[in-house]
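What follows is one structure encoded as structure tokens, with my remarks underneath.
Each chain carries a letter (A, B, C and D) given by its place in the written order, and its residues are counted from 1.
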């Protein structure tokens, strides 16, 4: 297969590899941040709400 | 004691922690060199290790004045002084946390900056090894300076001046080891071992010294 | 267990702050230190806390409160003291719970759990709130909670109720009562009457001992 | 004690997007569609770029162009988004402007980093070194430093509202660098080849290279847009959590009636 013994092969795959890593990393980072923040917000909303209604 | 380490590491990532500033300063220093020295690639390759070392040295001195000042301002230092653990151990752990948040990122960024200086892979690997061995020495010796200048308002500048003379041996052995890996006659292992020895030596002297200074400063 | 201070004197900046101070406080007793500003109240507390080296004299703690750890005596004196200074010793970027968990882990004798301590100072809802977002009064009460999360018999309090409203002051006086009942000792530099029963008081400007008053 | 009741100080201002809650709902509806379009574009772009013939000189490495050039364009596009957000902060005081700028910075930095890495890998076989200090590459590296500087600035100031104006000013100052990047190839004799798409007299690329490049550029831009909406949403949530914490503290203060 001429595709693989080509001396440039390493360059192409490494650049595509790094690009895939970084792009996928960004997507996962954005989703993970969203999940953790909504979870924290829900927990605080729940906490916040019960605190308001409970008269100390 | 792990709690203190974890707290300091976590703090450096929170707002105002300054985790990124060391690496950013390092990048700025490395970037400025070609403008000063000119874009000639093989000249840059020759002075590469020295420039990386200078940048790492200045960058790690940068964050050191906040090592104790932050704790002193909010009163934590007093409570740490009253803790049962000897002050030297507390200083050691704070230095370790500072090294992990400032020194280590410099080492991780070194290969990228090595490419900017057009350094061959062997030189980059050698520089990284010397940086891993050498930057702890700078942190520990800087801790003594930080302890001395903890009460002074503009402590950062004074710290750098006070501590720079002691970091010169670290710089010399670090750079000579880095060059040793590339030029054949020059040895790599001998200066590298001396560098590791300096780090271990300063780890003890720095912790004891800074601990004593903090303990007996009647501020 | 009792705290004995003999012939204590402190010099700062070449000036004698106080000298020849001696007193003894037994378990379950408190010493209220009063005097105008700059009369050396804070200096006395910092000397006893081991943060300042005294010119002459010494501070020692004899005997052992019941249930104390075996190696109680050979540890340095200040390891048995909690010190509450003007600053709160908390990191604004960390949450209240993270701060308290840190201080609880630093001491080897944990006492109250964090939620319990927060309940005692009346701020149970603030566990997850970053310390920087709290008001001055709340910050002070959280630094008081720090005294509760780990056990140290001697409390050295420098203007403990600074920034607190009357409700919190009463609450803190209550906490001090409980600490005395648990066999603790309190030295507090404050102007506000704390309504504690068995207290001695020390007026700093003339550095003389005033005997037991209500 | 000023009574901070509203979660985010919302002043009447232009555009339906001004209200964060409505913006969040909009994002929730739009996101699935944006992902579908982005993925489709990526599939088409990759397929086209691998169908393109080899370049007679560069051989296989020309394929790197299809991921290098788009990431450079998007890196600069992201900065343009931040410049307009900075104007939104300083001129129109749009409440979401600072959120948009702050959310775009990490993405812009990532695309700039990608542009540098892929460019360096692409340049190695042709120029023989990973990096050369020529006008185009250096000014692009400056762009990365500006991004990182902005991120450090935003992280340094805890109060989001307080960080908005200084960051906006810094963005505008940094904006000078973008034209320098664009025209650096023309002003200085650089190793980096001159512009071959956006030129006065039309693209010099042959169609079978131009099409994959265009599709990949569109895919990258859609990816940036999608990620930008997500990071903006994250930023709004972060500020909501923060103000909720403040109100809990305030309420505990007021609720202190014995």
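As a working rule, a residue touches a chain if its C-beta (ideal position, glycine included) is under 8 Å from a C-beta of that chain, and two chains touch if they have at least 3 such contacts.
Quantities reported herein were computed from a predicted structural model and do not represent experimental measurements.
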Maximum centroid distance from subunit D, chain identifier (CA atoms): C
Between B-C and C-D, the pair joined by more C-beta contacts: B-C
Chain centre separation in whole Å, for subunit D relative to subunit C (CA means): 53
Between subunit C and subunit B, distance of the C-alpha-averaged centres to the nearest whole Å: 38
Distance from subunit D to subunit B - Cα centre to Cα centre, in angstrom: 33
For subunit A paired with subunit C, centre-to-centre distance based on mean C-alpha positions, whole Å: 47
In subunit B, residues with contacts to at least two other chains: 15-17
Residues within subunit D bordering two or more other chains: 158, 245, 248, 251, 257
Overlap residues in subunit A, where contacts from two or more other chains coincide: 44, 51
List of subunit D residues in touch with subunit A within their complex: 58-61, 63-64, 67-68, 71, 106-107, 110, 113-114, 117-118, 121-122, 124-125, 223, 227, 230-231, 233-234, 237-238, 240-241, 244-245, 247-248, 251, 255, 257
Interface residues, subunit A side, partner subunit D - complex: 3, 6-9, 11-12, 14-16, 18-19, 22-23, 25-27, 30-31, 33-34, 37-38, 40-41, 44-45, 48, 51-52, 56
Residue numbers on subunit D that touch subunit B, as the complex places them: 120, 129-134, 138, 141-142, 145, 148-149, 151-152, 155-158
Touching residues on subunit C, where the partner in the complex is subunit B: 12, 46, 49-53, 75-76, 78-79, 81, 83, 85-94, 98, 101-103, 105-108
Complex contacts: residues of subunit D adjacent to subunit C: 1, 158, 242, 245-246, 248-253, 256-258
